[in-house]
Each structure stands twice: as structure tokens, then as C-alpha cells.
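One structure is given below, encoded as C-alpha cells.
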Amino acid sequence: MDIKGIVSRLEKTDPGAIDRVSGENEITLNFNDFNKAMQTLHDDKSLCFDMLVDIVAIDRIDRMPQSHRFDLVYILLCSKDFSRLLVRLAAGEDNEVPSVSSIWASADWAEREVYDLMGITFSGHPNLRRILTWKNFEGHPLRKDFPLEGKDFDQQFDTTSIEDY
Amino acid sequence: MVSATIDNREISVPEGTTILEAAQKAGIDIPTLCHHKRLPPIGSCNMCIVEINGNTKPVNSCNSPVEEGMKVATDTKALHEQRVVNLKKILKHHALDCPICDKAGECDLQDVVYRLGVTDAPFEPRENPRIAEYSTSLIRYWPERCILCQRCVTACNAIKGIGAIDIKSDGDDGQIVVVDADKCKSCGECLFVCPTGALTENLSRYKGRPWLENRVETTCTYCGCGCQLQLKVMDNRVIGVTTDVDRGVNQGSLCVKGRFGYEFIGDENRLTTPLIKENGEFREASWDEALDLTAQKFSSIKEESGPDSIAGLTSAKCTNEENYLFQKFMRAVIGTNNVDHCARL
Amino acid sequence: MTNPIPDLLKSEVILTTGTNTTENHPIIANYIKEAVTKRGAKLLVIDPRRIALVDSAALWLRPRPGTDVCWINGLMHIIIKEGLHTKDYIEERTEGFDELSAHLEEFTPEYVSSITGISQDDLFAAARMYAGASPASILYAMGITQHITGTDNVKSLANLAMLCGNVGVTGGGVNPLRGQNNVQGACDMGGLPNVFTGYQPVLNDDAGNKFATAWGVDNIFAKPGLTVTEMFSAAEKKQVRAMYVMGENPVLSDPDKSHIEHCIASLDFLVVQDIFLTETARLADVVFPATCFAEKDGTVTNTERQVSRVKKAVDPPGDTREDIWILNSLSARMGYEMSARTAKQIMEEIAKITPSYGGISYERLENERLAWPCPDEDHPGTPVLHVGKFARGKGRFFAIKFIPPFESPDSEYPFLLSTGRVMAHYHTGTMTRRGTGLNRISPESLAEINPVDAEKLSISDGDMVSITSRRGSITVKAWINKRSQPGMVFVPFHFHEAPVNLLTSTAIDPVAKIPEFKVSAVRIEKAS
Amino acid sequence: MAEGKTITLNMGPHHPATHGVLRVEVELDGEIIVKATPYIGYLHRGIEKLAESKNYQQAIPLSDRLDYASASANNMGYCTAVEKLMGIEVPKRAQYLRVIMAELARIMGHHLWIGTHALDIGAMTVIFYAFRDREMIMDINEEIAGYRLTPTFFRIGGVAADTTPDFIKKVREFVKWFPKALQGYHTLLTENKIWTTRTMGIGPISAKDAINAGLTGPSLRGSGVAYDIRKAFPYSSYDDFDFKIPVGEKGDVYDRYLVRMEEFAQSIKIIDQAIENLPEGPVAIDSPWITNPDLVSVQTDISELARRFVLHTKGPVGPDKEVYHAVEGAKGELGFYLVGDGTEHPFRMKVRSPCFYLASALPRLLVGHMIADAIAIIGSIDVVLGEIDR
Amino acid sequence: MGIENQLTGDNILVTSLNKLVNWSRSNSVWPCTFGLACCALEMIATSLASFDISRFGSEVFRPSPRQSDLLIVAGTVSKKMAPMVKRVYDQMADPKWVIAMGACASCGGTFQSYAVLQGVDQIIPVDVYLPGCPPRPEALLAGLMKIQEKIRTENLNQRPDFKPGERYETQVPKVELIR
């Protein structure tokens, strides 16, 4: 289904959800009715985006004070006609993004990875904890203000300092 | 105000601004080589040619002013070919030593070649290499890399008003020649504006590439002008000084002390540990021992003959914060007003 | 400086006296040349030496050293006689004009030209040039201040500027060119015996109490302390028994070197804190290794009162610590805990108790440079001083009498010595004589002697000559050129091989206590 | 176990059958798996953070080391994504060469899969035959790119070098030889009684669950969904070749095995068509902003030397845009989400790794099976830890 | 520890026996399958038909550290994996040797990042470093030959592991029953 069809369908089911449409397959959703819109994207018969391909978190620290810091892009796929849709959501540094793991099972690990590397918390996630780094790792590496070589690059490494789940 | 269109973009600029400045203000980037923001227009490289009102005879945009109702095209096919031919003529004189040249990585010639996508230079390179006739003890001239763009000569005359160098001839053996040897103060103005590696610093033992070193913006430590300059630092060593054209009162230009006086920072006989004199000889001491001895001496002298028996000399070479702390130390801790510094020398 | 440096581009006439700007302030010389060549300004140079500025000068007066008050009064005499002074500006904004004009009666052109050696029509041309143009700015430096009449010279320049309505206007002003990168800052920060920070006088009590409470100390003496020259004489008389020298090299930079060394020897305890083992540090009991400008964070104030940032680029060598750390730990060991640890916190502390630095903070300095006085956060700083009305209300004219210099040439010491700086070196050469670069430019000390004198003393260029004064003698290489006047010799003071301050006298200006470096009587002979 | 007591067993991270450093904490009720929670991150190197400090050309070797079993397939993903960001078109010959290298890489990946998968279940000899054929592909890699496992043969705007005569000969040899070898695998395994009992009906996943869990590639096609990026979103002139998409029905280990074996054959068909009608022409886009000048002209020509220096220090500039582009890697949809910011460094590079989602589906696959079947299931989804942890 | 305790001291009888022990050890170095990343594939390729590590007596790749003498650290050692590497090394019986295969194991290689241990020699002693990313199978065989050469020229009581305290003290891992 092409972008115009999707937008018109969404306007009918939950009006005001779409903030703006950009590019050939990207829509931006408002924060507070984000969860409902995603649910309709998945359940609605004619849309049926039944696969969440990936969740991308981008740290836009350079435009910090004026606008929000993080951009979350959900890549959805409809397995009927193999059409792809990018859903963008703007998230500030401290607000909790509603989790979509109840809608798509693949979101479970994807959201854990975004939490681990970027530090965005998801409300309603079954067990939101670190997945790639270890339990007592401080900081979120993919943030722009995190040094590439880590905070203790020049100290002697000691294995007992690593605690894991 | 004069209004004209550049690449069908409406612009209106004050009388007398050149087409190049107007284009830059409108965000159009015309390739240039001999133009420098700090210098008056030179117009020796013909990179910035534009077509005016459709006639195909190109005009240098860096030194021709905007007239009312002028229609300018900055990037047509003919212009591109003409620029490529001009660039090839310039490249004819240029030596093949990018890998060993200090300026590689930040060289304007490289950027223009990369941008215009020149892929060959059919002209015959020169047979006999040119012998350098201009070099000061601090600035080295590589005649083989000189593209005769005359930026250095203009800088020496326009900014510093000295006029110590000039260009010999435009032909095959053209190079910089010294007009008046003892007028040159080695201020490095020519070095600063040189687009290629023809004029390089002849001082620092350590060489760095622009993407390896980081540049720290600071104020010069010598005279009272307070020029803003950037220290080039590579693995904890200052290897050079550069400036930024639109920073501070000096707008990019420096004097010989500011540009070349950085060797003392990494000098080997810098003091590195506290010293205490015992019967005429200095011996190294730890910080605690030296500080304790000083504190104890000051306190005992203060008790015996009062706070006014101690005097302090701060310095005009320390920062404001250090001066403030010093006089606070003398006035609050020692309790005397005997504080002075060398404002009088 | 009352006006910022770029203001020079707006002045019609630039009067420079007592400053070799091309060698000591090259960037300001840039602006002067740009003003002269591009903006059509006229340059009036009044300097005994033939400095490089003279090439682009419209008129060059060559007074005998030490006669500055005389020719300034002479110019004012002519301006008033020809009615070129700005009457309404004087009426409305100054006081003491009639007393001044009465005093100027005796400074007729003939009397002035006999004293200073400047021809009469030069005096008339200079007076008409300066008074005719508005705005006109005055630049001066050590050539004016390093005399026993230093304060009088500056006051007379102020008189001249106010006479022609050139103070408090853009392109005008009386502008001292400070010699060092933070000498303005050091004075602002209270590095003087008689003032706290921001020139709040020690004498007035509420300033004293304010600082006492701010620093949590019971009381601050309301008695001004000793200046540099007085400190050394007091040390000789055992009144001062200990000294703490930070970043200074008085042995080489203060006048009468042997006197200084003698006083230091009589000290009980001397602490020196510097980046190299200088001549003074060698005589010290304890030496602290300090950091240079590339190894610390902080701010400096340049000659146009602009505060700008100094940022740390490299780590200090060996076990060297920052001066802030040294002072903090020293005061902690003497029982007074200083709370501010970093330069940023110290600047906040300064801003709280110094009105003129009130609005200066590191955040603001990140993207703009502020000229004090800048009382609060959103004040843009004041590039031009005394706009509208003078700081003290009305500008006051002073009737200054002319006093000859302390030592004038006589039969036994026929020549006049003046000390100063060279382009490639800085002060005692602690920093500039380290590397190879600047040493190649000017490797050694050169005494500039006029060809006429060289002829008389049969000295040729490059010979070693010995220069002696009542206090000592040095040998130095001669450089024969037209820069010095006949009967005058110029020697730079950077080189410890030829310590010229052996010759200078300790005569000081009564008010500013600045020694008379520019005029000493000496004798020159060919070194055997 | 009496009274419902269960044992918790730690499989990995150092375990011969976990294909690398995957750790699965399994709760056993006797032999039956009651609960399984996989732990990953033991090979997390921060490739996405490293890519942000490199320029576009320097990040190519990083993409090599994502799914190291089939290196060129990742290069295909990264380079086509960057070219889509910069909006440049790669010459035809380079596209064909890229297809050949990518398909060879897919076959290499499947060789590793069939070898270790069979070894885990007990068929010792398959790995020897599989790696013998894999060596032939390694020789081809070495022939044209100089390195066996991580050739880094792709460049932005084309490929690193043109073909050598030996390369064409070796590829033709391999295309002629491989179907016979494939037939060998079939005789070894497909009708093998032990193989079928150990794999049929084990670890089934319905199409709906597979899609919901984000599975892609052979594991999804095993459940009957014919989703292949080469057909759904064709790239690098894949639509010039005709090949079939093998699809299973029940989605168990055996179906996935059949799908991959069929993919062996299809890839050979693609390579055959590509090598036969390899078009003439340049192998790299001839834009001075992107392609490096050849080494000879650099020694003699200043403009080429200057251009080479700028290309090596700065490199091509990515416009201020965001783009998502996916390719069909050996394990599934390998996507790159690239954010350019007008400089030569990528502002953000997110790798959509298929194995990440395959591993996340493990709990659903393992529960209810015996511990021995877990080995078969892990082998059948064919995860590579370099791509999961990035 | 077995044979060393009885054979200390340097006399004729022992030296020849010394050679015998070293000869037997060097020709049957059993590596532990410790594949972490891309180097693991080259290690597998080395152990299979085309490069055939069994010519050097090392074809027996023991999965459990208890039965292996040589630990080939093949691949990037991330900081999360480091304790496991240390534990596997500690569980190996002495005498044991270590090959750091590839640039990542030797010095962090291309991955100078927050999550990678810059060189496995920070946590365990390494005998042979193999450059390459991944090293060619022939390089791995060359490394193995270096190890064998080292074993052959070793004197029995030189073994650091023989004298307790010299080598890395075996850290007894915290074992708590996982409920």
C-alpha cells in the first residue's frame, strides 16, 4: 500500500496521530498517541504492517536546546505486498517511550538494545536491561558525548570489575 | 544598494561589493585560489571566472564590482572547462611532493583540484628546477611548489605595509625575489596566506597533519595587543601556531614572536621539580617538603617582625586569576599590602 | 587604552609619541598603516629616535629625550593662541582651563624650541595638524612614562587631548600601549600596593571591610604597601626580610642591577616561582616550577581592556603544577583554606567583588570578548571610556611645570642612554631566548650609535664598545645607524650578556614610582 | 525430576555448538527445556560507534567483520547503502562483479552452516566436503581481492580492481564443479534416516510467529513466506538474473535445511548467468570526487596526486540525509540505516542484523524440545555472533 | 604436576629424559576450541583437510579446557568475554601455552573502542602473537611450530608454572549454585 493510502487510512482510524509526512515512505507520529497508532498499523486489515524490521535511535545532541535530543525510527514491513514504512518519533532526554513489544515480538530485544546503547527507557517493556554491554557498565556508548575509547581506556583492565547478569 | 541576479538568485548588495563577495553572501561557492578573505583582490589565478549577461567572455568575479541589474552565471560548462585549463596551466609549475609537503591535507590547490576533478596535466613540466632566492631563517621558500598567485606579495604590502618581497616574472622561471632584505621582519604574514606549501615554517622539528593534531584557541603570551591564535598540538607537544582569519583584533596576522616564539614551551631545561637551596647548592625536593618549608618560614618571619616584613612580586605574564589569588594570599593570609608587579618596566 | 584598537581606523590624525609601535605592538602598527594608506589619516610622530613609523609619517618631531612636558605645553600654547581649541567641549565638560592657559603663557615657541631642539615652524605645523583634525587619537608607551616626570607627561597628554575635545569620542582618546600580555589584568586584579581589585583604593574603609568580609579575615590594613623599588631599599634596611616573587626577573629588569643584587642578598628568605631558572631564581632559597600560558586555563586582559581566554593546550613537564594549585596549597598550609579551585570559580569570585568585572564569566567569554567595565551579566562591555561625561564628573586640567631629567649629559658623561625593547625578544628573554628561531633573528645586544658620534669616537660598525655610567659599565657591540640622535645611544635590555640595567639609575617618578630608564648619562669608549 | 524441580544449565559462551560466543541459559525439566534465555554481547565491539569516527571509505573493513562467514555480502549491503545516500550509480560491470562476489559469499556462509550444523548433529564427514569446496571460493577471493576470509573488495562507487583472467577461469571451474558437490551433500543427508528423524518436526515456527519475531532470510522462507530482498527490493541489477526463491511449509529444521540447500543451487545459477554475460566497461564510477586515481598516474601527475591525497584524508562527502537500505545477506535481511551530515564521516550507522532477531526467537523455538534438539535448532537458524553483537 | 617433582636437578640422566618429555609434549599439543570471531573460521579451516593441522599432532581440538594444553585465543576479546577467557585459562592444566591469534587478540586490532580489551596479554600470559586479520592458516601453523620449538627447548624446572607464585596465581572463580 502506498504512502497516500496509509496516511488516509490512519487519518480515519486515529486522527491527528500523524505529525508530518516526509520522503517517499516516512511518517512522523505525535508522542502521546504513538502507541495507539502503532497498534492500528499492525492490526488494521488493509495496512497490516506485521513485521517490525528494526528500531534506529539517533542522538541529535547538536540541536539540543531548541528541540528534542533523540530521533527513534521504527522500520515496518507489510508481508502481504512487501512494502516498507518508516515511522519516526521524537523523544526528549528524559521521557519514557511507550514500548511496542506487546505488538511485535521482535521489539523486545530491539528496545533493549536501544536502551543499552542510547539510554532511552521504554515503559511497559517486560524486562528492560542491558543486552550488549555488561551489567555494571556506566553510560550509554552510542551517545555523542560518550568517548569512543571509553572512560577508563588507559587504566590497567581487571577482570573482576566486570559483573554480568 | 545594487540588485542583481546570480545563478537566478536575487541579491541586493551595497555599492562596490565584488561579485565574488555577493555570491558568497548568497551562499554560492565560486572556486577561488588566489583570493583571500583578508587581502584586497589579486586576480592572478582566474579560477573565479563568471559569465556576465550571457556573453561568454569570462570575467574575474573577485575584482569586478556588482552593477545594477547584472545577470551572472557562475557554473556553466564553458566556465568549467576554462577553469580546468587555467588550473592545468598553474599545475604545470607545481612539484610532485604532496606526501612530503607540510601543507598537504589543508592545501587550497589540492581542494580546487579535488573539486574541479582535474585528472591529467598535459603541459610539459619545467626542465631545470628554480633555485630559491628568498628564504629567511624562519621561513623556507620552495620555488618548485610556488604557483605565482602573488598572495604573499600582496599580504606583505597591504597588511604589514613592508613590501620586502616581489614576484620576479610570470614566465617559466617566475618566483619570489627579495626587494629589501633587512626590511623583512620574518613576521610570517606571507607564510600564513600561502595557499600551497611554497612557504613553510623552517623551525619546528615535529611535523603534523591537520587531522592528526588538535588546535587550541588561546591568547598570545607576549605583547599587550592580545592577539588570538591557535596552538597546534600533537601528542602533548606544541608543534606550531596558526590563526583564524576572523578571530580577535589581529584578524589572523601575527608578529615574529607570536608565530615563532613557541619553542620555549617544550624546552628541555624547563623547571620540573621544586628546588631547595642548601649551602649554596640547589637540590630537588618534593612538593610537600618545599611548600611546608615556605609556609613555616613565612609564618615564623611574620611572627617575629610582623606581616609587613614580607613582600610579594606578582607578574604581568600570569593570568588574571593567578594575580588575584596572589594578592589575596598576600593580603588575607600574610596580612600585608606589599604587593606589586612589573607594570613599570 | 580609552579607545579600542580598531578605532584607529576612524581617526583623522594619529599622534604617536614614545612608542616604537612597529617593533613592540606590530598589530597596532598594522592598523596605523591601514588608517594612513587606506583611510587617509595623517600620522604625527614625536620621538627622539628615527623609528620605522617615521616612513609613513606626515610630520616627525625629534625632541631631546626627557623634554616631553615642554613640547606638549608648547603645542597647547600655540593651539590656545590661535584659538583652535574646542571652546564648548572645554566649557561643558572640563574645569581648570583658565589656570592652565595662564600657566602656558611662558611656553612661547622660542622657549620651547630652545629646550627641546624642535624648530618653531615644526611646532606650529604639529599644533595646527593635531588641533585641526577631529577626532585625533594619541598613542604613547614607555617612551613617555619611563621618566621621573612620567606622571606629568601623561597628565600633559591628557590636557592636550581634552583641549581639542578628543576624549570620550570614537577615533580619539589617550591610549597607553601596555607592554605585556596581562599587565592591564595584573593592575586590574589589585597587583598594586595601594588598590584592591578594580582599583578600589586600600585607604577607603568600606572597600577594606568588603574585602575583609569577602575573604573571611578580621581586618585588612588600610595602609598602602611598598612598591617594587621601595621593597628593595626596605630589604636593604632589613625592614623587609622575606620576598615571594612569582613570574618576575627583577635582577635583570629592574634598574641598578648591583643594588638589586645587594638587596636580595640581605633578604632572609626568597621564594621564586617561574618556568625557568632565571637570574633571580638562582639567588632564591626555594624555587617552585610554574606553568606557562600553554599549560593552564585562565583569562588575560589586553591593552584595550578586552578580557580574553587562555586555554590549556599541553600538560606541564615533569612534576610542574599550576600556579593556582601552588598558591592554594601554600595558603592551606598557612591555615587559610581557599575554596575556589579552578580558574572558572576564581573568576566567579572576582566578578562578585569587582564592580568593573561584574559581568565577566567563562560562558560569555566563550563566544565574545568583553572590555571592562562590564558591571553585570548582560552588559556588552564598554569599548570607549569617558563617553558623555568623565568618570570623575568633569575633566580636570593640570598646570604642569617642566622639570629637567634626573641626569643630563655633562662633560664626564657626554652621552644620553635610553633602554628599550627589540622586536624579536621579550623582556628578560626568559621565553624568547630559549628556542633557536628568535635567536637567529637577533642573536645579541646591539648599541645603536649615530654615525656622527661614531666618527668622533672612531668606532666602526660591529666594534665592541664599553659604555659606563656612574653606577657600572658594560661592553656591547656597536651598530652604527641613523636611528639614534647624535649624542644619544639606545641599548635593549633583553640580553644578560650585556645587562644594561647596570647603568640605569634608581631615580623614580614621585607619584608612579617608575624608574627613569629612558634617560641616563653615560660615556662610550672603544673596548680595548 | 520429581516434584517439578528444574535444573538450570548454562550453554556457552564457550560451547562448541553455539557457533561462537552465544550463551543460552536453559532450564531443564529432565531433558525437556522449560525455559531458555539467550545472552549476547560477548563479542560486542562497538562497530556502530567506530564507524562514526571513520570516513565512508574507511568504514568498509568494519562491515566486513559483521557477518564474517560471508564477508562480501556485508560489503554489498554497506556500499549500496552509502551509494543510495550519496545518490550515485555504479557502472554495470561493477554491479555484476559485486553480484558474483556476494553470491559466492552466500555460498561460503552456507558451507559453514551445513558443515557445523551436520557436525553438531553427528554427521562428521559433511564438514570435510563442505570446507573443501569452501576453499575453492577462498582461492577465488584471494585471486581477485588478495585476502581469503575478509576480502574488502568493494569500494564506494564500484569495486577495487578489475578481474584477472584467472578469476574468470576459477569461477567457471567452481560453477561447473559445485552442482556435483551439492549432489554429494544431498546423498549424505537428505534421505539419511538419522538426519531426517533428528530434524523433521523439530523447532517448528509458523509463518505468523516468524514474521512477528522479525525472522528474515532462509529461516522465514522455511515457514512459507517468500520474502527475499533480491526480489522484493531489487538492487545491484539483480533483476537481470532469473532465479527462484525456495520456500518451505512447516518451518521446522528440515524445511530450513531444504531451503538453504536449494539456495546453494540458485546462487550457482545466478553466478553462472553473471559470469557468462559480464559486461565490458569501467569497474568504478569515474567521478573525481569518489574514485581513487590509479597508482601509475599518481607517480607522474600532480593533479592525480593532489586528488588522491584529499580522497585519502577526507574522502567522499555524505549529504545531510537519512536513508535505509537492505540487502539479502546469507542469514537474512541485512539493512544499513545511514545518517549523513554533510561531512565525510557518517553521523550514524545502524546495522539491521538478521541474526539478532534470529537469536531473539530462540526462546520460542527451544521451549518444549529436548536439549539435544536445541543443538539442531541453533544450528538450523545459523547465527553468527559478530553480526548479533556488532 | 606428576613427573616434574621427581626430576628436578640437572644431571646427565635427567637431560636426556628432559628431551624425551619435551619431545612427547611438543608433538601432541592439544588446542582448545576457543573460537571467538572471524579468526575462529580460519582456525577451523586450518584443522580441516586443506591445511591439516594434524600433521603437527594437534588435530584433537578438545572443547573442554581440562584436556587441552594450548589455548588459541581466536578473535576479538571483548571486555564482557574477558572473565570467561580468564576462567578458561585458569581451568587448563599446566603446562599450558597461549597463542593470541590475530590483531584483535594481540592488541585490540581495528577495534579501539570502549568494549574491546586491547590485547589478551593484559589478563593472561601469551606465548605467541599472530599478526593478521584474520591470519592465514599457514600463519597459524607457523605459530604452532613456534610453540613446539619453545616446548622443545624448555628445561623442565624452568617451567614458571612449576614454581607456584611466579606465574599468574590461579584465581579461584566464585562459584555460586545457580538456582
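Per-chain numbering from 1; labels A, B, C, D and E assigned in written order.
Everything below uses one rule, namely that a contact is a pair of C-beta atoms (placed from the backbone, for glycine too) under 8 Å apart; a residue touches a chain by one contact, two chains touch by 3 or more.
Note that the structure is predicted; figures quoted are calculated from it, not measured.
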item	value
Path length in the contact graph (chain C to chain E, fewest steps)	3
Chain occupying the middle, per Cα centroid	B
B-D or A-D - the one linked by more C-beta pairs in contact	A-D
Farthest chain relative to chain E (centres taken as mean CA coordinates)	C
Averaged-CA centre spacing for the pair chain D and chain B, given as whole angstrom	51
CA centroid of chain C to CA centroid of chain D, Å	74
Centre-of-Cα separation between chain E and chain A, whole angstrom	43
Chain A and chain C: spacing of chain centres that average the CA atoms, whole Å	64
Residues of chain C whose C-beta touches two or more other chains	none
For chain B, residues that touch 2 or more chains besides their own	none
Two or more partner chains touched - positions in chain D	41, 44, 46, 49-50, 389
Touching chain combinations (by label order)	A-D, A-E, B-C, B-D, D-E
Complex contact set, residues of chain D against chain A	39-41, 44, 46, 48-50, 52-53, 208-209, 211-214, 216, 225, 227, 232-233, 322, 324, 326, 333, 335, 337, 339, 347-348, 350, 352, 356-357, 359-361, 364, 389-390
Contacting residues of chain A [partner chain E, same complex]	132-134, 141, 146-151, 153, 156-157, 159-160, 162, 164
Of chain E, residues touching chain D in the complex	33-38, 40-42, 44-45, 48-50, 63, 75-76, 78, 80-81, 84, 88, 110-116, 133-134, 136, 178-179
Residues on chain B engaged by chain D in the complex (per definition of touch)	87-88, 91, 94-96, 98-99, 104-105, 107, 109-111, 113-114, 116-121, 209-211
Chain B to chain C touching residues, read off their complex	137-138, 159-161, 185-187, 203, 216-228, 231, 233, 236-238, 248-250, 253-257, 260-267, 269-277, 282, 287, 290-295, 297-299, 301, 304-305, 307-333, 335-345
